[in-house]
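Structure in structure tokens, see below.
A, B, C, D, E, F, G, H, I, J, K and L label the chains in the order they appear, each numbered from 1.
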Amino acid sequence: MTTESVANSVQLPPLDNPHERAAVGAELQVLLQDLIDLSLIGKQLHWSVVGPVARSVHLFIDELVGEWRELADVVAERAVTLGSVPDGQSSAVAAGSRVEPVVVRSMPDHAVVWELGRRAAAVAERIRARLGSIGAADLVTQDVLIKVVGTLEKQQWLLRVQLGEKA
Amino acid sequence: MTTESVANSVQLPPLDNPHERAAVGAELQVLLQDLIDLSLIGKQLHWSVVGPVARSVHLFIDELVGEWRELADVVAERAVTLGSVPDGQSSAVAAGSRVEPVVVRSMPDHAVVWELGRRAAAVAERIRARLGSIGAADLVTQDVLIKVVGTLEKQQWLLRVQLGEKA
Amino acid sequence: MTTESVANSVQLPPLDNPHERAAVGAELQVLLQDLIDLSLIGKQLHWSVVGPVARSVHLFIDELVGEWRELADVVAERAVTLGSVPDGQSSAVAAGSRVEPVVVRSMPDHAVVWELGRRAAAVAERIRARLGSIGAADLVTQDVLIKVVGTLEKQQWLLRVQLGEKA
Amino acid sequence: MTTESVANSVQLPPLDNPHERAAVGAELQVLLQDLIDLSLIGKQLHWSVVGPVARSVHLFIDELVGEWRELADVVAERAVTLGSVPDGQSSAVAAGSRVEPVVVRSMPDHAVVWELGRRAAAVAERIRARLGSIGAADLVTQDVLIKVVGTLEKQQWLLRVQLGEKA
Amino acid sequence: MTTESVANSVQLPPLDNPHERAAVGAELQVLLQDLIDLSLIGKQLHWSVVGPVARSVHLFIDELVGEWRELADVVAERAVTLGSVPDGQSSAVAAGSRVEPVVVRSMPDHAVVWELGRRAAAVAERIRARLGSIGAADLVTQDVLIKVVGTLEKQQWLLRVQLGEKA
Amino acid sequence: MTTESVANSVQLPPLDNPHERAAVGAELQVLLQDLIDLSLIGKQLHWSVVGPVARSVHLFIDELVGEWRELADVVAERAVTLGSVPDGQSSAVAAGSRVEPVVVRSMPDHAVVWELGRRAAAVAERIRARLGSIGAADLVTQDVLIKVVGTLEKQQWLLRVQLGEKA
Amino acid sequence: MTTESVANSVQLPPLDNPHERAAVGAELQVLLQDLIDLSLIGKQLHWSVVGPVARSVHLFIDELVGEWRELADVVAERAVTLGSVPDGQSSAVAAGSRVEPVVVRSMPDHAVVWELGRRAAAVAERIRARLGSIGAADLVTQDVLIKVVGTLEKQQWLLRVQLGEKA
Amino acid sequence: MTTESVANSVQLPPLDNPHERAAVGAELQVLLQDLIDLSLIGKQLHWSVVGPVARSVHLFIDELVGEWRELADVVAERAVTLGSVPDGQSSAVAAGSRVEPVVVRSMPDHAVVWELGRRAAAVAERIRARLGSIGAADLVTQDVLIKVVGTLEKQQWLLRVQLGEKA
Amino acid sequence: MTTESVANSVQLPPLDNPHERAAVGAELQVLLQDLIDLSLIGKQLHWSVVGPVARSVHLFIDELVGEWRELADVVAERAVTLGSVPDGQSSAVAAGSRVEPVVVRSMPDHAVVWELGRRAAAVAERIRARLGSIGAADLVTQDVLIKVVGTLEKQQWLLRVQLGEKA
Amino acid sequence: MTTESVANSVQLPPLDNPHERAAVGAELQVLLQDLIDLSLIGKQLHWSVVGPVARSVHLFIDELVGEWRELADVVAERAVTLGSVPDGQSSAVAAGSRVEPVVVRSMPDHAVVWELGRRAAAVAERIRARLGSIGAADLVTQDVLIKVVGTLEKQQWLLRVQLGEKA
Amino acid sequence: MTTESVANSVQLPPLDNPHERAAVGAELQVLLQDLIDLSLIGKQLHWSVVGPVARSVHLFIDELVGEWRELADVVAERAVTLGSVPDGQSSAVAAGSRVEPVVVRSMPDHAVVWELGRRAAAVAERIRARLGSIGAADLVTQDVLIKVVGTLEKQQWLLRVQLGEKA
Amino acid sequence: MTTESVANSVQLPPLDNPHERAAVGAELQVLLQDLIDLSLIGKQLHWSVVGPVARSVHLFIDELVGEWRELADVVAERAVTLGSVPDGQSSAVAAGSRVEPVVVRSMPDHAVVWELGRRAAAVAERIRARLGSIGAADLVTQDVLIKVVGTLEKQQWLLRVQLGEKA
């Protein structure tokens, strides 16, 4: 028995058809790129925030970045579990991410909060729109994405409250 | 750009319509009140349990109360994430909770176990009945509630076995 | 020897007369209800605070709530040690607590600090007024209450400084 | 009130009908037996692996065994929560498990990885096929099983990559 | 300057007169002997408890013994701080302790609880009776003793509730 | 030099003759199967215990199971160190273990304690009878078995005291 | 409502009259300066101790300094809680502290112990003399000071025993 | 089946005859009393040591006392495992221990070391003399005693080196 | 005094002239982009490594990525300390990094090690070439870069040894 | 051989000439006094800060004070390693420190940040100016000072960003 | 009483005659030298291992070295407890150790495993041959050596399995 | 591509010429041997120290040995990073180390301190003399050596102060 033939016999998880597998893989790659981009933008703002609550925002961003990195890892590992190798390198992220970059300069704390809140909300909203179709193909991946949406929406709230009085 | 306008532009998670958002918010508020009430009743019995296994029950209740407080926090934060501020103060809990109060006196350990088991079961059963309709509106909230039901049903088992021989 | 007779022979701590024991028990029950109410109001504001320093206040309130829950436990356990079972359930707290409820809506961070500061101060002041008479009846209970007052007054300071420039 | 009557009144979680409850219980028992069998086979290979990467595989298997034991506990506790006592003893596992035993002798590291990968994949695949019907009966049990499938499929990936170059 | 003369010049804490210093020292020595005796009796019962809740009592006693050892250390160190060396050896404890020994044989769990509860209560009561006179001589020692009484009375409650239904 | 020849030159520990090596290996295999069986029966009863002290027993069993798993690992690793690969899979355990299975149903707490106590005692007694002959062949293996007997006999005591008043 | 008016309405703790408040504040400021001075002198000797037990003294001083810094923080925070801002800067400490400086050179270990012992004793004695009058004004501050005296007197003992044979 | 009859059927570990069991139990009881006495004398000297290395000795004694308490627990639990309840109360220790008491007064550090060293050595020597006969009766108890001797002899060395230059 | 004028008066660290400050900032920005790129490529290979030692490489890469992220943070914070805001977002990294991307597919373990080793070496070599000129401008930045080079060169060794037999 | 002669033979680290040794010692003493002064001023502002972000500043100052105390210890220990005993007592700090005191009253949070930022910058700048000459005499001391400057400049940045928008 | 005479009176552990004491001491010294040599050779190979599993071997060796250092400490401390001072310095180890040195160059991972396995086996075998005679002189030392043999034989197994397929 | 050719392409760090690389490697090898020798001599004295402060010295030496082992590891890993495999085995250390051995017998505590102090000072001094030339070849290695010198010089101080009164 050769190593090659061995490798073939530990099969991939049985999604219903190749089309579904490819579709789920494509979703996960885009989400991975969005999450990596969020984490890079987060660090960027971690270094450039200024203003009276800069320290609080500086520390809070590190928590967000930690969550985004963790989610990115979970998403990428789900993709390779299903047989796709997504691209999470800088060029691919720059090309594929749907998250807007920020300007490179010192930025007031309230603007930082607003920039992050908008981006987290946009990523959450895009995934939420796909939960149904993903669930039809693979409940395990859907469960992963529900966690991603739940986390991003909670972040959205924690950022939103720093901006004013409305719930 | 004013702070006001900024606050408006970090949108709430996109549930399908205002009716659904209000319905989900209302469910979460009642569940919050039930969970807070369970935690207060739990502490009450923690202080008033007597009998041969009082120490074991006294310690176990603190674990239950810890879980109820944690679940209450998760439920309340999901509500505000969706744009509702639920009321978790004593008057609102006293008025809105569907959990029965206990009598205020020393209570034998087996009775304490029975009182807590019935109440945890009742709260679990009420949420379970709503899982379907909540899931139709918002899979993330449904996921939160599945965790709440799962935790309460496990507690139910752990309490039930202390009462006799049937599985 | 029956269990009943055994129970009778482990006596209560020897306060000087039944009147004193009842009076101390009554004080502890009211204080318990105030502390539980503070902890519920604290969580309420933890969920509804908004504004530039909302995150800092959100985190700080969880420390305060932790201290109030801990103090409530100590107070309730002192009461049952002395032979009273105080009522810490939602209806009793709603009826017996002397702490004002807050309005249920998003609340600006500075207002949250002010609301909590006023309530912590009021509870501290009411206990301080009773330290002398409690001490005459029971030095151990007095020692518990001195800790409660000291903790609340330190919280008062930590809240007060967030409101302006006067010491 | 007797202890007996007390025991009866803390009801089981309200699955829709007795047939469903039995069916879910039966699924959980078989899964429990598969997971216990995986954990015993895992330890067997932990002791008998040889070859250049034997140490790495030896350590990795202990992580897998830890996860299988943990999942077995969760599955068994869900079963008793629903009113079934599954059989997890050696004879029942030997009779009911659908996992193939391994030969008892020193085994090269790559073969160990292949044997474990195939077995983890087979168990995952069998549960995945039941997710839909279980979900129709009980969303909480379905949520437990989604976690089991997700964990086993991730293990499948981590084992598969040790066997060769294909994703 | 010799070591002798140096030693003389770091004075003892300034209690008001030699009589008071001796009286406080004598109180602390007797309390030390009571606490050491409680800790030895506690271990004795830790080893000899039998019955349905033997395990819970066995574990609880180790917590009590830990607290008694800690209190004994605090009491002895306060005595030497004030210039007395109390005697905590077995003969002195056997002769000076006012705590009754227990019979040496297996003892049912409820009897163990009762024996410990009575002895903890008796020690607490004896110290409580001296709090006033000690406080007049030395507020620091009084503060130590208030902690001892508070701890013993809380233990009394935790033991008492294991014996029956009265608060 | 080939890998094969290398493997041959790291010799096994020098027991005096092949007969002794086989005999020690056979003892270790049977003991391994008994210990694995104890651990499976322990979990079985962890899930099915009911009654007033069910929680205490439920938690205690997890400590016992942890010790049995740890001892099984030590025993199996001593066997492979000496050149035998013992069989610890479900069929081998079902066939070779001398530990009686338990009935599969809810079981009262005192019966659970009795069932475990009898089984732990029986396993301990069987090993104790072999300590002398094992020691003559290999002092290191004897030392391992003395630890196993010591642990099982301590468990026997901890279980026995939960059943009644005799030492 | 302005921030100014808000600040005024979270009142200071209700000591009986302005005179008492000022007197308590003055006591706390002097004590703070003494404790800071002790901590600076402690570090000075930590760096300059020589002799056979220099290492033991070097390490012990760091524990003392840790306790003095902690007490200084408690004392300063009690002062600001009562409405005074004490001065803990180097010039104020140099001017206001009643603790003697030490010579700046290598100092033998026994002399270091003697120097610290005398200074800790002197600070303790000064506070002890004020416990009564402070207690009449504010029991919470008295409780803080009893802790300070108790800690300093225990340190006195631990230093004294290193100097010779008298208790 | 009654609880009584159940208790009888979990047998004691099978020592060869009643005489041996009694002899082993008697040895363990005397050793227990020696170890408890060592721990009480150790605390006595912990409180009364003075001199240049008093702090080092003070801290070291607490480690010794911790080891003696731990060994006493192991010895007592081995005794009850074998069916004896030894007496570890103050009167029994005062009467049965073969360890000499120390004088009650401040004691120079080197004398403290010498007093402890002699006593630890004497206890070790007495047990060493019994290792052979105990081993003939019960290898598990012998193993416990070898640990006790090994620990005491290591303490002897650690104390001996503090007294002078010979190895 | 306005916030603006305040901000101006906390000056930047005094590097000798604007040219030097800009040059150091430019170096730090390029290094930051290289380090971020290494961390993204590292994760990419963490997900796509296959082969017999894939698990070991998978785990090792996470340690490397952790170090690269930590170094990136230190480098970026040194840049902003000196008054530059470097750009660490995906487009800037894709454009500015001098680290080659890897192909997106499963990659054999030894190739992964080789790819990472080459890239770490190249980044180290580029910084090493600048140590002298940076040190002439700012010793603190030079010290940061010496740490970066030292870390990368150690990684180079740890990767290199996995590729063959030469030191 | 006497202790005196022994002491002489463990030589000081070999700086090139007495003049250099004295110069380095003098630098370290002044820096020590500056760092102690920073730590005292830091605590002063920790107690007196008021305003909306008072809590965040209050907590941040404790981190700064911890770093200043740690650096002071490192600096003082380097001085005594080189044979100087620097003076770190309150009078010497008051006289020798080049750090300006602050006014003693409640101070708004932004002013506190500004006061600390200016002082940290001034101390950093003074050390930076001496790095070259110190390095010529002793590279080890230079390395210590580079760490001090690096830490102070990072603090400068973290404070500066709280004051406004410029990098 | 002089210190000299004190030192004499804390006797050595009572081995039966001077010849036995010397023989045991000599055995322990040789074993100490072997264990130190193993630890130095282990580090040597930790630094020079190369090849595909170099990282795994590099990490594993550090665990082995940690165990060898720990065993060496236990062996040396047993020797001095018995009155011998063994020589563990480099020249004595070089002269007395029976462990072969390795060549100084990069070494392939499988060769490293083989070199370590042979040496650990040889040391184990030499001690095993002396267990009987040591046990006749001193059971405590025998117990120490049984632990050493057991540890080395387990290491032998863990190394052996990395070399090929035989058990 | 063969493994050989791969190994060649991950280059060594770019020191300027082969002569420099060899010179730096030779320095590191000698330093490694000195540090290993210090660690062996340290353990030797850890086992043989006697006298009043023997315990303090015994514990302190273990800290020193821990630091020397850690530094040896750093030095050896820097050497292999630069392409040399240094020899750290017992014969090479015995031959190459410049540290004097100590006599093998019990040694008074003050002499132990003196012996260690002289040896640590000598090693530090030899490295200090090479800092300049090493720095000219490789700033990273110089940075490693500055840490070694700094650590050894601090140890020198900590040992020196135990010997007498001069700074």
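As a convention for this text, contacts are C-beta pairs under 8 Å (C-beta built on N, C-alpha and C of every residue); 3 or more make two chains touch, one makes a residue touch a chain.
Note that the structure is a prediction, hence the values are computed from the model and not measured.
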I need the common contact partners of chain D and chain J, sorted by label.
A, I
Using CA atom averages as chain centres, what separation in Å is found between chain E and chain I?
62
Starting from the mean Cα coordinates of chain C and chain F, work out the distance between those two points in Å.
53
Suppose each chain is reduced to the average of its Cα coordinates; what separation in Å results between chain C and chain H?
48
Multi-chain contact sites of chain A, meaning residues that touch two or more partners:
48, 52-53, 56, 77, 80, 85, 105-106, 110, 143, 163-167
In contact (per the touch rule at the top): chain pairs:
A-B, A-C, A-D, A-I, A-J, B-C, B-D, B-E, B-F, C-E, C-G, C-J, D-F, D-I, D-K, E-F, E-G, E-H, F-H, F-K, G-H, G-J, G-L, H-K, H-L, I-J, I-K, I-L, J-L, K-L
Complex interface listing, chain B residues touching chain D:
110, 114, 117-118, 121, 124-125, 128, 131, 135, 142-143, 146-147, 149-150, 153-154, 156-157, 159-160, 163-167
Which residues of chain A touch chain I in their complex?
36-37, 40-41, 43-44, 47-48, 72-73, 76-77, 79-80, 85-94, 97, 101-102, 104-106
Inside the complex, what are the residues of chain A that reach chain C?
52-53, 56, 60, 109-110, 158, 161-167
Residue ranges of chain D in contact with chain B within the complex
3-4, 6-11, 13-14, 77-78, 80-81, 83-85, 139-140, 143-144
Could you list, by residue number, the parts of chain G that touch chain L in their complex?
48-56, 58, 105-108
